[in-house]
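Chain nomenclature is as follows: A, B and C, assigned in order of appearance, with residue numbering initiated at 1 for each chain independently.
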Amino acid sequence: MAVGMAVVLSACGGAEEAVKVKDTLVVGQGADAKTLDPHATNDQPSSRVAVQIYSQLVETDKDMNIVPGLAESWKSLDDKTTQFVLRKGVKFHNGEELKASDVKFTLEAMIASPTVAHIVSAIDSVDIVDEYTVNVITKEPFGPLLYHLTHTAASILNEKAVKAAGDAYGQQPVGTGPYQFVDWAVGDRITLKAFDDYYGGKQAIPNVVFRNIPEGTNRAIALETGEIDIGYDLEPIDKDTVRNKENLALVEEESFSVAYLGFNTQKAPFDNVKVRQAISYAINADDIVEAVLMGAGAPSSSPIGPKVFGYNPEIDRYQQNFDKARELLAEAGLPDGFKTTIWTNDNPTRVQIAQVLQAQLRQIGIDMSIEVVEWGAFLDGTSRGNHDMFILGWVTVTGDADYGLYALFNSATHGGAGNRSFYSNAEVDQLLNQARTSIDAAERKELYGKVQVILQNEVPTFSIYDQYQNIGIQKNVLGFSMAPAGHHKLRGVSFAG
Amino acid sequence: MSQEMTLDPIQGQLEKEPAPEIVAKAAPKKRSQWLEVWSRLKRDKMAMLGLVIITIVVLAAIFADFIADYETVVIAQNLSDRLQGPSAQYWLGTDEFGRDIFARIIHGTRVSLMVGVLSVAIAIVLGGGLGAVAGYYGGKLDNVIMRVMDIFLAVPSILLAIAIVSALGANLMNLMFAIAISSVPTYARVVRASVLTIRDQEFIEAARAIGASDFRIIFRHIIPNCLSPVIVQGALGVAGAILSTAGLSFIGLGIQPPEPEWGAMLAGGRQYLRHAWHVTTFPGLTIMITILALNLLGDGLRDALDPRLKH
Amino acid sequence: MHRFILKRLLLLIPVLLGVSLLVFAIMSFTPGDPAQLILGENAPAEAVAELREEMGLNDPFVLRYAHFVGNAVTGDLGQSYTSGRDVFDEIFSRFPNTLILAALGVLIAVVIGIPIGIISATRQYSMIDSGSMIFALLGVSMPNFWLGLMMILLFAVNLGWVPSGGYSSWSSLIMPAITLGTGSAAIITRMTRSSMLEVIRQDYIRTARAKGVAENVVINRHALKNALIPVITVIGLQFGMLLGGAVLTETVFSWPGVGRMMVDAIRQKDTPTVLGAVVFLATTFSLVNLFVDLLYGFVDPRIKSQYA
């Protein structure tokens, strides 16, 4: 539909438009990148730029299947060893050719970097077989290995370029991706240009600019005024405006992101599962999705989104039922409710969710005050267990259940490592470990399915909704597709006409 | 600019303190002096307009509960009625949770006035005290105090605000404290300047001669005689504090929801600016009119307190 | 004169030391762990511990502060925790943006503020006086992010005259500069008015009038020069303050300035960047004030003699 419209439009305006050929794609996002060294950061704005500059060994397609990237093929030699055969003739932006030694260098550097080591912590060693073949050996059998290698942090770097640049590498990145780095006006924009020797062919659009536009409203405005061609993460309220403008289109899709309400399960009264269930019955997630997100999400029943490998679609979600909730509270010995606090950071969406929750919990006598906590203090406090309840989101970046469930619910990851509800359940631990070390996809799926059933019953965290991500786009931009993890690849995008 | 908060929020008004010699000319406190000030103020139409508006705001704060119930109207959500325009039922429309904006503005007077007045009061007590001591004793002590004030002036108030809020939590009290701290140096300077001109006057020497203690001299004789610049600065400071709160709300450091506070209402509604204009417009206008009134009154007071501007 | 300047510069040293110590203490003792913030919300505890060690965050406070001062004296403000860039480079890549915006903002404020202030003072209590004072007061009374958003809607969206944000061309400067300038204009108007009022009442003006000198000559030649002294102070203060960056305006207009950088750094607990920015801004602010004080000397020779 959008494409059809674009063709019609460009046919109408063809006469004038033909004179000036648009050669730059401008993308607006909510923050500037921090560094373009994929091993030095793991934040979304940086990844969104880096993903245009780099390539990974393997990638995922739209249906989350693993497809070849820099590796043209791979196979398991035994349950701990995976052998990758690299594409030949792949060029880095500095003219060097991709070799097995770069892969070894990259993965070893990753393991040594505290920022991203956790993504490849399963890897024991990387052996070079020949110039284009490399073996990756894990400590234990590790099911999600390929998914982890699709992470933007696992982008393959050029050993020579990294060593030559030293500390400044983050400002002069060199990759094998479709676009190469040109210039960075700090805080304002990053300019990239198409890489002539990209192994997938040179891109149709010569230049790409990433602009930093912190306010959502301004991104929508910039789309309308034509200052940007693609605007990431529009405010829910602006969606209709974009949808209704004839030259703009709204792309909205499921993502890997789930917003959840966490309980400190080691603190009374949340150590009582009945209290957690009572709260779950008091919540109306549809209201939240409707009022806060304007429909940009789906009430959830699992800590991982439906697109993630291992998602269990057969779990019922809690339906609001105040009688049931009061009953459970009474059984827990708190018939009149109690006073508590909820922590959130200053993310406006989360603050709004907190306000709706506040009003809903008031109905069953729970007097919940909202504390908006600075992000640093929030991470600090929740990793120490100073909180009662909190709102947070989780993006299962790798698209594999392990990345979400293990960190959030294993008793080994209490606190800062992800399990901020301090949940401990021996059975869950055992299932998660078993699923992680299995390399049989069907078995893993079943194990994760079981974990999600237990979690939905015990609610250490209440999954509020699966978040949709939206993007506003000029209709003359063709071939754009979303990545559920949020770092969309601009490869293959072109202008109409 | 006051609301940008990068430095002292009311620094822009710093230089508007009456020049020291004005204070020097002021006689020791007398009832008739204040009556005279009032009669001068009464003649200033603009200042009276400001006073009337502020009186209305104060009355709204006092009688807020009679106008709208807090539990059932001000904070109760009505999600089916969200973002409605002004109507007979909702005079100024509803916000993103379907709450009556008029009721929230009325109750917001309490919060905003409290933040404004208390933060200025804290700043006056701390800053005024330090300034008085510095000015009265002079010498090394003066130097140390004023250098410390310089340091505080150089630390961006937004940093202080974020630091206080992240260390102590985001609530009304801490917010007021954060705003107060950053204007302490201003009051210290204002009071010190006044004290410097007063401390060597004959009536102070007289008090000293009859054996009054330093404490007594400072509190009975000096402070009452530097009140005028502090009052003027204070009226403007309340305005600055309300704007600072709005600014802090904008960067997410506002007060705890669901408390209605004008700045938070304005900042929170900014994403709806284009779709539901009333959500930001009415709190914005309320802030603007209140600040305007405070400024009018402050300017009027300054003119009235300045004997050289007598007609 | 030289001694005066030297003395003022020397006074800067203890202030800068105090400021940096205070900021360092605030950054160190408020909750929030830079290592955790860099690694994100799902980093394993060991990784955080390892990074803390690597960043030297486990060293005693005094040692870290001494280290900072030692490096700062040699002009090395360290590297940003988050981007790894030299703090000095980072500040200087953004400072020109802030400088040009502040300069233009103050220019707009002066062009609007001084004439209105003069007109208003010469016709005290007239309609023009009341009208322009209300106009001026509206400037300070308006939350400026609101003003900024309204301007974007009108001039960028509806009329399409200027870009809605970012810094791509000269036209990008117009709206942010006006937003910044409005508040300053109001303050300068008020200062000009009250300063003029004071001067006009002085004897020499009365004498000039009595001698039959034309009113515009009285105002322009005799009154204005003296009335401008306090106004210059305010202009200097406003300029210094706008140089500190204007977080809200920068946010609304997606402007890559120092203010926004500092706020982001504070929230990321990026101590080197915050320290660098605060020290840099405090220095700039003091230098602007010093310059203003020196400027007095040219406006009013009596003051110059005090410098000796």
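The definition used in the following text is that a residue touches a chain if its C-beta (ideal position, glycine included) is under 8 Å from a C-beta of that chain, and two chains touch if they have at least 3 such contacts.
Predicted model, so just to flag it, every value in this text is computed and none were measured.
Chain pair with the larger contact count among A-C and A-B is A-C, by C-beta pairs in contact. Nearest to the overall CA centre, using the mean of each chain's CA atoms, is chain C.
Annotation: 21 Å between the Cα-based centres of chain B and chain C. A separation of 39 Å divides the Cα centre of chain A from that of chain C.
For the pair chain A and chain B, the distance between C-alpha centroids works out to 44 Å. Within chain A, the positions touching two or more other chains are listed as 215, 217, 374, 376-377.
Residues of chain C found to touch two or more other chains are 30-32, 149, 153, 251, 267.
In chain B, 162, 166-167, 251, 270, 273-274 are the positions where the chain touches two or more neighbouring chains simultaneously. By the touch criterion stated above, chain B contacts chain A in their complex at residues 75-77, 79, 82, 96-97, 162, 165-167, 169-171, 251-254, 256-258, 268, 270-275. If you check the complex, the residues on chain A that touch chain C are 32, 34-35, 37, 40-43, 114-115, 117-118, 121, 167, 170-171, 185-189, 211-215, 217-218, 221-222, 224-225, 227, 374-377, 379-381, 383, 392, 394, 407, 413, 415-418. Residues 1-7, 11-16, 45-46, 147-148, 150-152, 154-156, 158-160, 162-163, 166-167, 239, 243, 246-247, 250-251, 263, 266-267, 270, 273-274, 280, 284, 287-289, 291-292, 295-296, 299, 302, 308-309 of chain B are the ones that touch chain C when the two sit in their complex. Against chain B, in their complex, chain A makes its touches with residues 215-217, 235, 237-238, 240-241, 287, 290-291, 345-348, 351-352, 354-356, 358-359, 369-374, 376-377.
Residues 30-45, 47-48, 50-51, 54, 79, 82-85, 90, 93-94, 97, 149, 152-153, 156-157, 160, 163-167, 251-254, 256-257, 260-261, 267-269 of chain C are the ones that touch chain A when the two sit in their complex.
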